[in-house]
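The following block contains the structure, expressed as structure tokens.
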Amino acid sequence: MSKEHKRILEALLFASPEALKPQELHERMPDGADVGALLKALQADYAGRGVELMNIDGYWAFRTAEDLGEALNLEKNVHKKMSKAALETLAIVAYHQPVTRAEIENIRGVATHRGTLDALIEAGWVKPGRRRETPGRPLTWVTTTDFLDQFSLSSIMDLPGLDDLKASGLLDRRPAIDTLPAANDLFAQVEREEELAEEPDDENIMEG
Amino acid sequence: MSKEHKRILEALLFASPEALKPQELHERMPDGADVGALLKALQADYAGRGVELMNIDGYWAFRTAEDLGEALNLEKNVHKKMSKAALETLAIVAYHQPVTRAEIENIRGVATHRGTLDALIEAGWVKPGRRRETPGRPLTWVTTTDFLDQFSLSSIMDLPGLDDLKASGLLDRRPAIDTLPAANDLFAQVEREEELAEEPDDENIMEG
Amino acid sequence: MSTEAVKSDQPEFQEDPPRTPPSPIHEADQLLINVDGYEGPIDVLLDLARNQKVDITQISILQLARQYLSFIERAQELNLELAAEYLVMAAWLAYLKSRLLLPKTEEGDEPSAQEMAEALQFQLRRLEAMQNCAEALMNRPQLGQDVFTRGRPEGLGVVTHTRWNVTLYDMLKAYGDIQRRGDDSHYDLPEFHLMSTEDAMSRLTRMLGNLPRKGMHSVWTTLESFMPDGVKDKMYGRSALASTFTVGLELVKQGKLEIKQDGAFRPIYMRGRIVEDDDGGEDAQNEKDRSDE
């Protein structure tokens, strides 16, 4: 078995766009090359390396070692912001779970794009729950453990209740005129009043 | 230097469709892998085999061994045949780089046709370099990494006969016959030429 | 020696006789046949020089010049169009030839004929070197012909982990937004307890009538003193003030009231302007009727 033959076989297998049968290799090799023995020898050379000579169903090809599949991938972290629609949908699933898509749309007051739930499923925060035993048996949606991890919640019960939200001002919907501080001198309040009157605009900005 | 690291590096280089820079390899290797040392070790492992680890201009890739070209019964990817002018220009760019178009014309003693550099750029072998900081700031031309890859060169220092050319002073880019007393540039001397030539062809002169 | 001799299959080991200019016509025609294959005059000169079959550093520049000039002459006889650079080179070589043949003279700063010949020789050697380099490059093993890349690379994958920049606050805020939007959809205007201008009008006209009078006019009285007593509801108090003042202005417009203020934020004074009891009473009554509607 010539060393030169093994080199040629190695180069052939490396450069070939397809896996090759011994017969095809034989045709491409110099006369007198013992393809079978060469393949065995080459396979032994590569055993345990990062690249291995594989025999797949009688076809021969170099392949990167199977156990390295993971190692060959470049892991990249991408930081993304979530859309408002996704956040709202997530919040509804969190607070109302198990909740159907129709119910989500009802609560949000707008039709939910297909991609919105998909994004949440992809993020691993929302998963399908059971089907609701009502006409049409609609699928319900629930939050996942990853969702709890993301927001450092130990359980869904830890989500602040509506009352808590109100108390924290997150549900505030008082007209600005109500929020005027008590003051005896009405005329002295003119300027302050103007400041506060801008509040509704601020809220709009936040919503937008 | 871990054996496992070498396996991963080997697999990375085998799997990549393109030559990789050590930096790119480093990103994909486990932390603490000495990519430089691993590359050297791997190159040594493959020396003399049918497949070799090549360093092309700082990029690393496996290639079939140069000397097997004849023996490999593979489909040859023959690129369009380059004109004599293009090959001459390629050699001038390769050996004199960075070199301006005027310098190329001077060395060849002829105006460069439009398509000549174009063909080399299209082949991906020549690219614009920096502008020369001389009056007119002419653009220079240099060879690419693909050029080195095409001709199995690790760097332009590996160009055949480079040292001899340097030693014999033939890599002087300066114009040679512009020491003519009345003419600093042969091709700029249209008037003088008209006096001397019997049947001047103005248009050709201008085009030239 | 004639060109025929050079062209013949004369064995190379035979000593060449001393070189004489080759038959100009023949040599020139040979070049002309080939002219499209040349890359300009230097290339032609290089070919001529190679035909001298000596080391290029040993070539006879004079002989080269003669050969080249006969090539140009022949081209012109045949009315062949040659690119400008061929003619430039001819002119330059003619000049060089004359300089080389003339006895040496002191020529000041001008380079000597010998220097010019050396420059040409350098040019030829450099081009020859580059042509050789091109050949050497093309003789190297080439990618896709002699050297091959991996035929079917698996490719390197990129696994992207998405990290969401989302806080609990963002989610709670989003939920708050929904709740508020829900409120908006059936939002009832809050009922405020306010003094309407109609109420203020009837109050003010009534109170003005009760004011003590002096001469034609009632006494100046502060705006505040027309305010209802003991108002706890701040909003009601403010609306009373605003409405009473607005009504006051309306009455001024009707000529039934006068208002004065000594300066900004100073107290506002008002007094009734009773022109004639009958008219005023009537007007006031009309006003009252209208407001009751």
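As written, the chain order gives the labels A, B and C, with residue 1 at the start of each chain.
Rule of thumb we're sticking to: a contact is a pair of C-beta atoms (placed from the backbone, for glycine too) under 8 Å apart; a residue touches a chain by one contact, two chains touch by 3 or more.
As the structure is a computational prediction, the values presented were derived from the model and not from experiment.
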| item | value |
| --- | --- |
| Contacts common to chain A and chain B (chain labels) | C |
| Most centrally placed chain, judged by C-alpha centres | C |
| Centroid comparison with chain A (C-alpha atoms), farthest chain | B |
| Chain A and chain B, separation of their C-alpha mean positions in angstrom | 44 |
| Chain A and chain C, separation of their C-alpha mean positions in angstrom | 35 |
| Chain centre separation (chain B, chain C; CA means) in Å | 32 |
| Where chain B touches two or more other chains, by residue | 12, 14-15, 28, 62, 64-65, 68, 72, 74 |
| Chain C residues counted as touching two or more neighbouring chains | 148-150, 154, 156 |
| Complex interface listing, chain B residues touching chain C | 12, 14-17, 28, 61-70, 72, 74, 76-79, 84-85, 87-88, 90-92, 94-95, 107-111, 149-153, 159-161, 165, 168, 170, 172, 176-177, 179-181, 183, 186-187, 189, 192-193, 196-201, 204-205, 207-208 |
| Chain C residues touching chain B - in the complex, by the definition given at the top | 37, 39-43, 76, 81, 83-85, 87-92, 94-95, 109-111, 115-116, 119-120, 122-123, 125-127, 129-134, 136-138, 140-150, 153-156 |
| Interface residues, chain A side, partner chain B - complex | 4, 6-12, 14-16, 27-30, 48-51, 62, 64-65, 68, 71-74 |
| List of chain C residues in touch with chain A within their complex | 148-152, 154, 156-168, 170-185, 190, 234-235, 237-238, 241, 265 |
